[in-house]
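Here the chain labels run A, B and C in written order, and each chain numbers its own residues starting at 1.
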Amino acid sequence: MASENIYLPYLMTVERVLDETHDVRTLHLRFQDPAAAEAFSFRAGQFGEYSVFGAGECTFCIANPPTRNGHIECTFRKAGRVTKALRDLEEGDTCGFRGPYGNTFPIADWRGKNLLFIAGGIALPPMRCLIWNCLDLREDYRDVTIVYGARTVGDLVYKQELAEWDARPDVRLLQTVDPGGETPDWKGDIGFVPTVLEKAAPASENTIAIVCGPPIMLKFTFPVLDKLGFARSNVYTTMENRMKCGLGKCGRCNIGEIYVCKDGPVFTAEQVGRMPAEY
Amino acid sequence: MIDQLRQRARELLETGQAAVVIGYGERAGDGRPVPLFVTQPAETARLVFTPACVDNLARYLTRKDVQALGRPALVATPPTIKAVAVLVQENQLAADGLVLIGVCCEAPGTAGTACALLAGATLAELEAEVAGRLRGQELTEAALARVAALEAQSADERWAFWEAEFARCIRCYACRQACPLCYCEQCIVEKNQPQWVPSSPHPLGNTLFHFYRAFHLAGRCVLCDACAEACPMDIPLGLLNRKLAREVRDNFAYEAGYDHTAPPAMASYRSSDQEAFIR
Amino acid sequence: MATLLTSANLTALVGRALSQQYRVVGPRRDGELTLLAPLAAAEQLNLGVLMARNSIKEFFFPRCELLFHYTLGRGGVALREPADFPRTLIVGSRACDAASLERLDRLFGWDYRDSFYFKRREASTVVTVVCDRCDEACFCSSVGLDPRSAAGSDVLLVPLAAGGTYRVAAVTAKGEALLAEWADLFTAGEPGPERVAAPPVRFDQARAREFLADNFEHPLWQEQFRACLGCGTCTYLCPVCHCFDIVDEGSLAGGARLKNWDSCQFALFTRHTSGHNPRPGQDARWRQRLRHKFLYYPDRFGAAACVGCGRCERACPVGIGIREPLQALAGGAESVGGARRD
């Protein structure tokens, strides 16, 4: 950016609006400045501060993969003031974006390994960026397994892409919904993600696990991965915390000495295990 | 007097009539009075009471972490007793939900003046004693002299006065946090859908915050001046509260804090209430 | 031989700076308070108090800072950045205040450079008056500073015991430029004895840090800080506290994005939209305050986020401050537990 004002956002145009579920929406955003689009680059795991002028900013990951650059996708659920304003945006409207911020998934280190992606509900977006990134570099990796679940069939996000992943012979996809969340024609599993994971018992040998989900899901998934023999340094996650500036100054997102926006948001389960209980 | 106070506190803890005694202690080094929470009988030796003990301890009765300690005994000065009366009126406390240790001194804030325990044990008895001391003293001409002086000025002059005062406000909310009657779990300034009061510490936001707060306290404020004492910027908040308290007295024949059984002025009506302002 | 400046000439210097359109900031009487504020006239400068209630922080990191204006219209959104920052002379800072600038430099320059802060730094000259008095709340000497510390200052004025005169020391090139600009106001002379007062060391900072590192869980967090009201007085008056919020304010036609002071002591500071709050009680928030200042900040940036000025203690509505808690921590776990047992 030409300006040295680190708080100045890029101006983005809403190119497409897609409803993933009844309360989850994806926005496709295009840079208004072609030079910015050209210069923009990011890596999987990074996030940005999305804003509606007049409502404020909020923090989401960048949901499209770096291999499909030049625009930004953002998936969110309406929860508060800013997400409500984002939801009210229509095609052609302008919003703001600051980023990319944070550290990244070390996908180069994972070459030659099996990848196990585990996600729950609205936590699929940060994972989706990473999954497509790896699938776009498919030969770098061995077996790819995706375990994804939501409360109900209606709550599954990226249904289109789930279908694409399901159809691929080089990806093993396990979809599940919570007991009671199935529809009559549901063909996937029924059960909580940690349970389905344990049943599927993917091999931990030479495998990297990446887990993303609500705290309750993580709480029950980490022990399953332990049981399956995953070393905690081979299990990755992205943490969320209340953020404002996204760049290490406003003092809001720290967990102990760790700034989620600077030292994270990508952490190994081993690092999370060493964090004090204030997240 | 202090021995009696400590003895009473000790008895209450030993007999289980109270789980915590909320009173005053002395800061190490300079002996400044500080709020003290005593849960062990032996620790009652740390309780003090001097004319410098003016913090309104009723503030702590609506704090969840204090409530979690169990039934409180409160070392209560006359303004504190008044605040308790209003909290009971507003269903934040039961009149028998706490033990009151009434205390007073001849000239609060003036070193060396005599302090004594009040005779009353129940809230009703203490209200009577407090009324005997304070009723009719608080909104006298002398007490309202500064309010009257402001009222004698033009609207522009008054606005200039308050603009200068509120320019110093840093929105620390010490006033709100010190006030025993500001117990909302989410204050109006913390609501952002919509943002009723700008959170920014600029003159407009500051003015709105203080006006809102004064109006939210109209008919409830017990004129303890905890807010004015807490303010690090010496903003004379008591003037706003006194003016509105006088309005309530003159228009509704009501003064807050003297009768916990009375219906609160702003939450009730009498058929004799004047309607001259309805045109 | 030294460079000397009389009090009268200091006032004259302020007058000249004002007439040359400097914004001059100094301690000024405001009712019963003394506050650091822009001066309208040189006579307003009041150096007769230990320190102003507020710190110089707000002239580098304002309470409410405009990040940019935005206008909304059919054509989309246009952004307009704020204009430049006024040339400022700060007269009457204390060494603790000035030292806070060096500490804030590290955070505001960490990877992403906050241009607002640094433009104000570049545009400001800091003239520190060395303390000739201190009180029980002062503890600069416990955090590696003293009244003569030069960190963050451009010029130091040391009061002489004889009264009415300061010995002048230029600390930076900017300070030298100031002396050169108004050279006729300064004289050369024998300084004689100086009148400087420093507080005694009140606690061992290393031991306090050790306690903080080892005791994330400890009953003291609940017990010692139960009286805390959870206001922002300490954090806002602190010269080093720097947490902030970013908000938009405006109408359908446009508005501004602002950077406002915020405080880790507020209950909602860390609360997620979902309602989950990683620091739900004042115990956790106090733990954050002390660990941030005395553990995380020194580990990451090399110095504590506290300069021992004592403002928090003098202004705290319930008398907590930070000195007494630190003395308790540094005394070890046994000595902890609230107001002293005698």
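Keep this in mind: contacts are C-beta pairs under 8 Å (C-beta built on N, C-alpha and C of every residue); 3 or more make two chains touch, one makes a residue touch a chain.
This is a predicted model, so every value here is computed, not measured.
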Chain pair with more C-beta contacts, A-B versus A-C: A-C
Innermost chain by mean C-alpha position: C
Remotest chain, chain A as reference, centres from CA atoms: B
Chain centre separation in whole Å, for chain C relative to chain B (CA means): 32
Centroid distance [mean C-alpha coordinates] between chain C and chain A, Å: 39
Centroid distance [mean C-alpha coordinates] between chain B and chain A, Å: 49
Where chain B touches two or more other chains at once, by residue number: 195
Shared-contact residues (touching 2 or more other chains) in chain C: 245, 247
Contacts with two or more other chains, residues of chain A listed in rising order: 56, 80
Chain C-facing residues of chain B, complex: 25-30, 32-37, 46, 55, 59-60, 65-66, 168, 170-174, 176-178, 186, 190, 195, 198-202, 226, 229-230, 232-234
Contact set on chain A toward chain B in their complex: 56, 80-81, 84
Of all residues in chain C, those that touch chain A in their complex: 67-68, 70, 72, 76-77, 79, 81, 107-108, 110-116, 216, 242-248, 250-252, 254-255, 257, 259, 262, 264, 269-274, 276, 278-279, 284, 288, 291-292, 295-296, 299-300
Parts of chain C lying in touch with chain B, wherever the complex brings them together: 30-33, 35, 53-54, 63-64, 136, 222-223, 226-227, 229-233, 236-237, 245, 247, 249, 258, 260-261, 263, 266, 268, 281-283, 315, 317-320, 323-324, 327, 338-341
Chain B residues touching chain A - in the complex, by the definition given at the top: 192-193, 195
